[in-house]
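Two complexes, one shared chain (subunit A), two partners (subunit B, subunit C).
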Partner chain A sequence: MTDAPANGPYTLNRRKLLAAMATIPALGMLGGSRAFAQDTSTAAVNTTGLAVTDTDVTVGILHSVTGTMAISETGSVQAEILAIEQINAAGGVLGRQIKYIQEDGASDWPTFAEKAKKLLVQDKVASVMGCWTSASRKAVLPVFEQYNGMLYYPTFYEGLEESPNVIYTGQEATQQILAGIDWVVDTKGAKSFYLLGSDYIWPRTSNKIARKHIEMKGLKVVGEEYYPLEHTQFNSVINKIKLTKPDVIYAIVVGGSNVAFYKQLKAAGIDLTKEAPLLLTISVTEDEILGIGGENMVGAYAAMKYFQSIENDNNKAFVDAFKARWGDGIVIGDVTQAAYLGPWLWKAAVEKAGSFDVDKVREASPGIELATAPEGYVKVHDNHHLWSKLRIGHARLDGQYDVVYETADLMEPDPFPEGYQ
Partner chain B sequence: MSSTTSAAPRTFFGKDAIAFIVLAALILVVFPVALDIFRLNLVGKYLTYAFVAVGLVLCWGFGGILSLGQGIFFGLGGYCMAMFLKLEASSPENTAIQSTPGIPDFMDWNQVTELPWWWVPFNSFPLALIAILLVPTAFAYVIGAAMFKRRVGGVYFAIITQAVAAILTILIVGQQGYTGGINGMTDLRTLLGWDIRTDSAKLILYFVNAVLLLGVILIALFVKSSKFGRLLIAMRDKEDRVRFSGYDVANFKIFVFCLAAAFSAIGGAMFALQVGFMSPSFVGIVPSIEMVIFCAVGGRLSIFGAVYGALLVNYAKTTFSESFPELWLFAMGGLFIAVVMAFPNGLAGIWKSHVEPLLPRLMKRLRPPAIVSAPTKAPAE
Partner chain C sequence: MIGDYTYDQFFSILAMQGFAGLVLFSVFVLMALGLAIIFGQMGVINMAHGEFMILGAYVTWGTGLFVTNFAPALFPIYFFVAMALAFCASFTLGVFVEWAMIRHLYKRPLDTLLATWGLSLILQQTYRSVFGAREVGVTLPDWMMGSLPLTDIIEVPINGLFVMALTTLIAIAVALLMYKSRWGKQVRAVTQNRIMAGAVGINTKMVDRMTFGLGCGIAGVAGSAFTMIGSTGPTAGQLYIVDTFLVVVFGGAGSLIGTIASAFAISQAQSTMEFFLSGSMAKVLTLLTVVGILMLRPQGLFTLKIRR
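For the complex of A and B:
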């Protein structure tokens, strides 16, 4: 029943579209040598029947707003809506206002697949901003490849993937890991590491890369442990850490488990501010600290591409706009910023291609630059990942990070790293 | 069928026959005609849960054995099918970029370099089909035999099934090199070279699914009308009396539990085929309880009610979540509470107590000559 109103406009579209398409040959004759690239009529910019009209274009937002992942993904939804509103206020894309259809993945991977299919098949959205966990991305990937959709995926993730139907706006594993380990070895003199993570593909693949990198430097990994998602008893691993006395705890604990892990670490007498051992994480953003509590996290280091406290004009404008739109108390983590890039990268690609067609947007995407990104300048690589910097943040008592290091150059994304497999 | 036969055959061929024809018409004709392929595929997915719900009617509604772990069998059936499909999708040509071509991608990501021995039988379609039915049923037999022979029942049995569901989920998630972990087995493409992702394949799979479901319903109706069905109800209401009459109660319970498990497994296998992947999120406690809810909403004493319950709850889930992405869970919760508070016997109860008494009157009012035609109709049947 509820589909009827949603369907209405699109059927209308299609009719308009056909009428418009019929006029193309006539236009060609009249226009003669006039350049086609400037033609922004709906028939010209949308040849594959997407939800594009003369006045607007529809995109999809697909995140979990219910279930265990809601706490992480809500920030991404907010960032994407903010970006869409800003683009609309600035005149839209190819003269069209962006409308969005939001669907709930409900922290459930099959639901993600169902909703992705609905967005692509029924709503004919021009692109989708969405997903968070690797599991949800793996679930929707076949859908995007089959129906030729375009997904802007915001999370830092394990790599080993390069789909023509996805633009990865977060960092892949090597970008996040290698420079972080170099930093801790060079500036802190770390010699031994304890690797720790939640038990699924991202932490496992990341630790695999970390271990290779550490061992290639001739340093030592003294332990490696995994715990199920939602695990809350970390006492045994904390005891092992105390026994093996590593210089660095390399932690990739995800979601709610973080709260238990950092509280128990503190309760066991490991004061992170003393840096003995030092804790380096790639999974705790400002969003997670809200749940963990700044007092339990203070002194830890995080390796990411974005922190809310980065000082540059882009970021200042972004943080102000975000707070104005969603409230003062809000914090912005790495993934939220990456999600914010999605609509802007898509807009840039559409305008470069002069078309909403997914194939043309894909072709136009490599080389797209964004000088206005809050994290600073970014650029899309041929492999659909972003060139980006890595920064090290030092956790403060108030739940924010101080940026203590950033790589001099943009790092090349390398989703299939040779020698780390 | 002459009208002089006893009550049992009448329940099988009387009202149930009409209900069966109505349901068959609905899923074989009305849905395919009225819905586009995307929605039809969703209905096909809902109907895979109906397999579980029908099994639960036999097991819980008639037999009084509440299992909160039907997801185990749905999941095992689904995984057996998914393993076959995954192996087919992982031919050495398709997986040439991996460090070990020819094994499923998730194994390669987890540094598994050789196909584990227990995966090998799933290279063969007949063996996979046998496994789909045999593995869950055998597992149900082990659980059933361990519990019922010791006269564990009621709440304790429900708790144990839940614990097994939780254990199996943890096992699947933990052994991600062999099972795909929390991601599950994704990107299933072809069945014996036939691309199951195309619209035409989806349509065919929908009908295969529908026919299998109707077959399962027939089996359930047969069980219900048989002596075994009456024994089940007797066991539910007064287990000791049945036992003292000389019946081995445990064996009957094990049988019905295994039957429900086999139904669930077929549903799971059809799920993997139609949706194109399988993940541990169908095995655990939450989906298992959801499956009981489908059955409760439909009416746990009605085989047809369970099918409608599975359809209605899942349809509501899809539409609520499409319309109110942030509030839909409350709407679902409200629906369950309303049904259980107001109609403890579910949809089937509403039908029995409110609609059915009206029907004869309605018939009379609408078509007076029906009284004349009625006697001629009965012998024809």
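For the complex of A and C:
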């Protein structure tokens, strides 16, 4: 396991991050060795004045529960609260119950930064579970680096980032894209692709990686299109797809546009169950299908690390607990599961470090394993992302996915993929 | 051969893009009619227009749920009932809002902008609290979701035809109401000279209230129809609001013909450019063109001569 390849064309930010990373071992030494792990008195486990008492420890939850992103972020909040309650029921962390302070980012990036500062400076929280969009993460990043906080970020995203103050519990782009395209080429014999996305950084970066990968295989990209986030009319692009007749529509449309796209695709006579063309997406989880409607999505494929229908004991217990806590009708998507991992990974790191101190938790984080994750076994990489599997789901009429493929091995996170930029 | 396409394909492109443009045109007209009535006749800038549309969408969703559970036999035709209910709900809310808020602000037109924007935030949060933050899926009868294959390539979406028919009907109904009925005459009289209209015995307050209600009601029907092509969630109304204002302002406030002409121009330009350029570029070019024309002609395409 190595660090991500350096020498990328990322100048300032990247260098700054590496410099910050380099100071970690030194800070760790200052903090003392793990011989103190047995001593759990508050003075010993909290040397930096975090909100830790003899009986409890406070963490922050920072998501949008109002505004346009509330649609997506609600599931993450629910998952994080569930994980915290379960950890408390099992005895807490280092003998302390977790209390949480929830702040609302209100789908507004400056608000995210402001609330992050409040959580770190005023509330002195030991860690924060939060953010969803890349824009909100970028907004809070300077705050977390300045005040040395720890953020557990749940969303699959475009990569190109590696902060000492963030643990990324979702996939970076290559983990979601490469194996998915390999699968569709190997098992479905796909030769041509039509790339489609909403017009912002994640779809554009992802499609760039996808295009490189497709072209390296000697296959063809017959079209690449981006539409503004609030776009609701997809008839023109659907016509283009009909004319170019690709084997695969590779779709990274998000938000309200998603619903419009799939409804109009069906209305235009493209039946996804016939797989001509086949549709592969990395942006539609079970959560989104609620809005799109199972009847408009049936037959499509999605590449994710988690589906609610995964069959293993961990997931069964997770789904049951989630429904018991938040209601029977609820569905669980990829990001919701990744958000659930946040508190557990933090707990494991704190216990390994024997301390709530952010520097020690950071030092302890790489190599943390979670055998109880609903998606199966995961492990934290030196680059703060997770080793995880990729799975392909086949959309059913009822809005769930059947898992039709999963990679044999865990995939190494590679936020700065060489040769793909 | 034309470019990479054969003649056959090229004509199919023309046909399909033409149809896509017409559907877009209908969608724009449907979105903008309600706003054009309110903005044009009353001078009120209704920033909550999108939220009135989404109210219609939620009513449709609720009706669908009710029919599925209690009268499944009626499911294939429930959509018509839902549209009527959507109109009633948005109309009622519109009348209430006019009574509670708008009527106090007629003398302060800029404040209505702020007030209705506040209303839109209140409505969004209300939807979020009542229906949940997640989007809801509106199930449509099967007959509305398919397409009619004409040739190998050309397929006509039924929901597109449905929106076109609905738009035509509503546009004709509004035109009749405005230009042939007694009530329409009163509305136009109030628009042209409020004091004089009052002096000859027209109840201008009642006319205002009904006009606002009608505009909102049409927004509700539009929202109901858009469940076929778009999403239904607390903030989905925001998806439509920019295009709606664009159409109304470009067309010239106060002119229904202007709204229709501007919807036609913008939709055709956009769908043609979308085919030859990428989606985002098409949008940028459309907006640039509109801005350019508005700089040359600030009053919009068509204007009414109104004595101020």
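Everything below uses one rule, namely that the second predicted complex is superposed on the first by the 386 of 421 C-alpha atoms of A that agree within 3 Å, B and C clash if a C-alpha of one lies under 4 Å from a C-alpha of the other, contacts with A are read in each partner's own complex, and residues count from 1 in each chain.
Convention: contacts are C-beta pairs under 8 Å (C-beta built on N, C-alpha and C of every residue); 3 or more make two chains touch, one makes a residue touch a chain.
Just so you know, these numbers come straight off a predicted model, no measurement behind them.
Undergrad: After the match on subunit A, would you call subunit B and subunit C a fit or a clash?
TA: fit
Undergrad: For A:215 in the superposed arrangement: first (subunit B), second (subunit C), both or neither?
TA: neither
Undergrad: Which partner does A:68 contact after superposing on A: first (subunit B), second (subunit C), both, neither?
TA: Once the two structures are laid over each other on A, A:68 reaches subunit C alone.
Undergrad: In the overlay, answer first, second, both or neither for which of subunit B and subunit C A:256 touches.
TA: So A:256 only meets subunit C here.
Undergrad: Please indicate which partner A:242 is in contact with in the superposed arrangement: first for subunit B, second for subunit C, both, or neither.
TA: The answer is second: A:242 touches subunit C but not subunit B.
Undergrad: Return first, second, both or neither, reflecting whether A:199 touches subunit B, subunit C, both chains, or no partner chain.
TA: The answer is both, since A:199 touches subunit B and subunit C.
Undergrad: Looking at the overlay, what does A:232 touch: subunit B (first), subunit C (second), both, or neither?
TA: After superposition on chain A, A:232 lies in contact with subunit C alone.
Undergrad: Now for A:266: first (subunit B), second (subunit C), both, or neither, which partner does it touch?
TA: Touch partner of A:266: subunit C, not subunit B.
Undergrad: Which partner does A:293 contact after superposing on A: first (subunit B), second (subunit C), both, neither?
TA: second
Undergrad: Least CA distance subunit B-subunit C after superposition, rounded to whole Å?
TA: Checking C-alpha atoms only, subunit B sits 5 Å from subunit C at its nearest point.
Undergrad: For subunit A, give the residues common to its interface with subunit B and its interface with subunit C.
TA: The overlap between the subunit B and subunit C interfaces on subunit A comprises residues 65-66, 199, 228.
Undergrad: Could you pull out which subunit A residues touch subunit B in their complex?
TA: The touching residues are 1-3, 65-66, 102-104, 106, 108-111, 113-115, 117-118, 121-122, 134-135, 138-139, 141-142, 146, 158, 160, 199-201, 204-205, 208, 228-229, 416, 421.
Undergrad: Can you tell me which positions in subunit A touch subunit C when the two form their complex?
TA: Spelled out, the residues of subunit A in touch with subunit C are 65-68, 70-71, 74, 199, 224-228, 230-233, 235-237, 239-240, 242-243, 255-260, 263-264, 266-269, 287-296, 399.
Undergrad: What part of subunit B is in contact with subunit A in the complex they form?
TA: Residues 38-39, 42, 45, 97, 99, 106, 109-111, 170, 173-174, 176, 181-184, 186-189, 197, 275-277, 279, 281-282, 318-319, 321-323, 325-326, 328-329.
Undergrad: Under the definition above, what is the set of subunit C residues touching subunit A in their complex?
TA: Residues 5, 9, 12-13, 16-17, 19-20, 23-24, 27, 125, 128, 132-139, 145-147, 149, 153, 155, 157-160, 226, 228-236, 238-240, 242, 271, 274-275, 278-280, 282-283.
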